[in-house]
Amino acid sequence: MLGTRPKAREGAFLWLIKILAGLSIVIVLGIHFVVNHLVAPEGLLNYADVIRYYQNPWVVTMEIFFLIAVVTHALIGIRSILLDLNPSDSFLSILNTILIVVGVGAVAYGIWLALEIASRGN
Amino acid sequence: MMNNQPTPGKALRWFDPRHRQPGTWAFILNRITALGLTLYLALHLIMLGKLAQGPEAYDSFIALAKTPWVKFGELLVISAGLIHGLNGIRIALTSFGIGVTVQRQLFWSFLTLALIGSAIFGYFMFFVH
Amino acid sequence: MIRMIQTKAHAIIIGAGFTGCALAYDLARRGLAVTVLDRGEIASGTSGRTHGLLHSGARYCVNDQESAVECIQENMILRKIAHQCIEYNGGFFVALNEQDLAYGPRFEVGAQQCGIEIDAIAPQKARQLEPNLNPDVLAVYHVPDGVFDPLRLALAFAASARFFGAEFLPYHEVENFLTNGQGAVSGIKFWNRLTNSRSELTADLVVNATGAWAGVILKKIGASVVVTPTPGIMVAYDCRLVNRVINRLNEPGDGDILIPQRRMVVIGTTSYEAEEVDYIPVEKEQAIQMNRDAITLVPRVATCKQRGVYMSARPLIGKGEAGRSLARTFKCFDHRETDGIEGLVTITGGKATTCRLMAEKTADLVCQKLGISAVCETAGEPLRSYREYYQPSGANR
Amino acid sequence: MTDRLWHVTFSIYRKKADQPPFYQDFSLEVDPDEYVLDGIERIWAFHDRSLTFRHACHHSTCGACGMLVNGVEKLTCITPIREVTKDGGKIRVEPLRNFPILSDLVVDMSEFYLRMEQAHALQVVPVAQSTLPYESLRFPDDGLPHERLNDCIECGMCVSACPIALTAANYQGPAALAAAQQTYSLTSEKSLLALVDCADGVWRCHSGFECTAVCPSNVDPAWRIMELRRQVIRHRIKRIFRQDG
């Protein structure tokens, strides 16, 4: 039928994830700023503060969750902007793979970084 | 097709605010702030990499980050975040059919909220620290 | 663009109003190749600017019974075949003074003679059914009136014609006729306004279905038909105050009908004769008069805002002193009899509601002239969806 | 109703076949209470017979005369000249956006009508269910089942105003989505949900609300798209439970 391009079902799925990711970002950012100001009033402005901040496992999980949410939200958003530029189906599938690769790469890099910082403490 | 040769070149006309409703300004603002925030996200991830290189790399970077220009950039990022976030909430609400008939007022109130927030952050960043 | 091989008889129709589209459907269904040309798009002339009354004939059942009978029969057929663009809620004839009341008995007799099913309703009940009706109504008759969307009714016929192979050329203005040696019409010369280019098209027969402009076109070939363009004003207001068509119970006159349509009510109409009808300026006094008449029928119109005001020129046959006295029926002219020109037929007069019947009679004449025995089948089944008119050719075959 | 005439210049977009487009100026004496379409028709009648434009009913029931007037979508048959310019002013008239241009002010709406057909758009609806749920307006109702011609006159102006339809080729468009919502609310045809539940359907709308702003007949396509989203999600959730349950 006209209008349902090959990835028919994925419109709603991606949209829901974008909205959920968006909401979780708002929540986590809220926590982030509040906690941040309690832990280091002028922000994490030196190396020692950061290391201490990352000792709390809750912070590490929150930061990783935050990273995943932001990266997914951003990439889905970028994709819907590119979708509006009318890419051909074949180009769109290339786009999808690129975005997934970038996404996974960024998250992996972020998790490695967080764990690395956390391990620096002991 | 529905529109005559929908070329990406027409995308610039997304950002033509003339004769547009608040809804489209929100749409434009969202897109611009989104692109800005994504750029910041990439920079943020790269800069945090300096943490892994040890204290001197990170602390020297922070020294750089204290210069007024970078601070102003960060303020822009914060206001972009506020605008994008609050408008995102507006779109989430309306997309579930909540507040659709008052979407215009929602836009204006959230925009003022975001600007007030940015002002507060600006004050703290430039006058307190 | 000359037609090369011609297996089927080819007819050209000038004018894509109600009659042109209905005729295209009828002829295409009888197996002719049909090309319809119009200088504008579908129903951009008089047909588009009607008030949209699916006429029950009740208005003419006393003094123009021929037209009234045609209307009621066609009313019932259109309700079946074109329901997609008809809001059918019936109508009221209301008496507001003694003179109206006196018209009642003749109205009942006339309606009975024409086979129009009317029933008297107690004024109090009528006010309950239509709360915005003028409270001091004295007598009410319910009649089978309906309302249609003018453009979509024409499009429904046009879509059905296209389904049977007819071809529509909008924005093609016919500038002159082609004639073969013996003074017979063999085609037309047209100006394609979309590309600003001129060309010709031949056919076995040309039908002039240009309504109020019938006389103008025929001048180009020295033929003539007595048609008097009779403009009338209609005013649309922005609130739907009634569900039924409200007619004034009296002789046909000015401002005697208020029609619900979408979210509006439309008050019509006036009648005066005019020569030049390509552009009919709206006279403000007539609009103000219409407003007064609308308020007499439904007082709350006073609180509504005017949404649109427009004129359209009805094609009335014959020359009369007052526009109203002319017969409202239609007439088919074979120009071989009237002007000694073969291959040219004119159909004009009539009302929007009788467009299918006008097409049937004209198609009968065209087929008889071309020796085709097929008969009319357009009353049997519903028309195609009007949106199919816009599909690229062959999309819906 | 002032009787003083205004001197107004119509600057009309002209384009024939593949020649380059240009703006042609026509100056007219107009009564400010006349409508923009009256001016355009007068230009055709007395100034330039090659001007092509779509029009039929002249009272906003057919939807043919939607155009851009001074950059904003307007139904020219019900737009008083007084509303769009002042004495001695100018009126820029262009064809609708987001549709292929055939000639001058005429655009090709075949795709639009195909989409409306696929959305099972209704032209005749019951009077009782013919207004938006949040509208306080109630038409006279005597309890008998009355029908009326729908609000949507398929003028295409919402699609012209939509920033997404500007670039997204396969976007179904606000009109078709609004029609699908109305038909679904009357007939609950599940096939309509499947038709719109895709990246080119309800999920492509970015809440610009331009469609509702330019709609001349209270259809509020934006509200209907958001309502349709809720129906699609509700249907999906029901289906998930039914599969597990």
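Every chain is named by a letter (A, B, C and D) in the order it is written, and numbering of its residues begins at 1.
Keep in mind that, in the parts below, a contact is a pair of C-beta atoms (placed from the backbone, for glycine too) under 8 Å apart; a residue touches a chain by one contact, two chains touch by 3 or more.
Chain labels with UniProt names: A = Succinate dehydrogenase; C = FAD-dependent oxidoreductase; D = Fumarate reductase iron-sulfur subunit.
These numbers come from a predicted model, not from an experiment.
*Asks:* Please state whether A-D or C-D has more C-beta contact pairs across its interface.
*Replies:* Pair with the higher count of C-beta contacts: C-D.
*Asks:* Determine, using the mean of C-alpha atoms as each chain's centre, which chain is farthest from chain D.
*Replies:* A
*Asks:* Can you compute the centre-to-centre distance for chain A and chain D, using the mean CA position of each chain? Integer Å is fine.
*Replies:* The mean C-alpha positions of chain A and chain D differ by 39 Å.
*Asks:* If you average the CA atoms of chain C and of chain D, how many Å lie between those two points?
*Replies:* 26
*Asks:* Take the average of all CA coordinates in chain A, do the same for chain B, and state the distance between these two points in whole angstrom.
*Replies:* 16
*Asks:* How many angstrom lie between the centres of chain A and chain C, each centre taken as the mean Cα position?
*Replies:* Comparing mean C-alpha positions, chain C is 64 Å from chain A.
*Asks:* Spell out, as numbers or ranges, the residues of chain D touching 2 or more other chains.
*Replies:* Residues 112, 114-115, 167-170, 206, 233 of chain D touch two or more partner chains.
*Asks:* Which parts of chain B, given as residue numbers and ranges, touch two or more other chains?
*Replies:* 6-8, 11, 95
*Asks:* Would you pick out the residues of chain C that each touch at least 2 other chains?
*Replies:* In chain C, no residue touches two or more other chains.
*Asks:* Can you give me every chain pair that touches, using the contact definition above?
*Replies:* Those chain pairs which touch are A-B, A-D, B-D, C-D.
*Asks:* Looking at the complex, which residues from chain C come into contact with chain D?
*Replies:* 40-44, 47-49, 52, 83-89, 128-132, 147, 149-152, 171, 173, 193-196, 234, 236, 240-243, 260-264, 266, 278-279, 282, 284, 307-310, 385-388, 390-392, 395
*Asks:* Name, in rising order, each residue of chain A that touches chain D in their complex.
*Replies:* Residue positions touching the partner: 1-5, 7-12, 14-16, 80, 83-86.
*Asks:* Once bound in the complex, which stretches of chain D touch chain A?
*Replies:* 114-115, 118, 164, 167-170, 172, 195, 197-204, 206, 232-233, 236
*Asks:* Taking the touch rule as given, give the residues of chain B at its contact with chain A in the complex, in rising order.
*Replies:* 6-8, 11, 31, 34-35, 37-38, 41, 45, 48-49, 51-52, 54-55, 58-59, 62, 66, 81, 85, 88-89, 92, 95, 129
*Asks:* Quick check on the complex: what are the chain D residues that touch chain B?
*Replies:* By the definition above, chain D touches chain B via 70-72, 97-101, 111-112, 115, 134, 159, 163, 165-171, 173, 206-210, 213, 222-223, 226-227, 229-230, 233.
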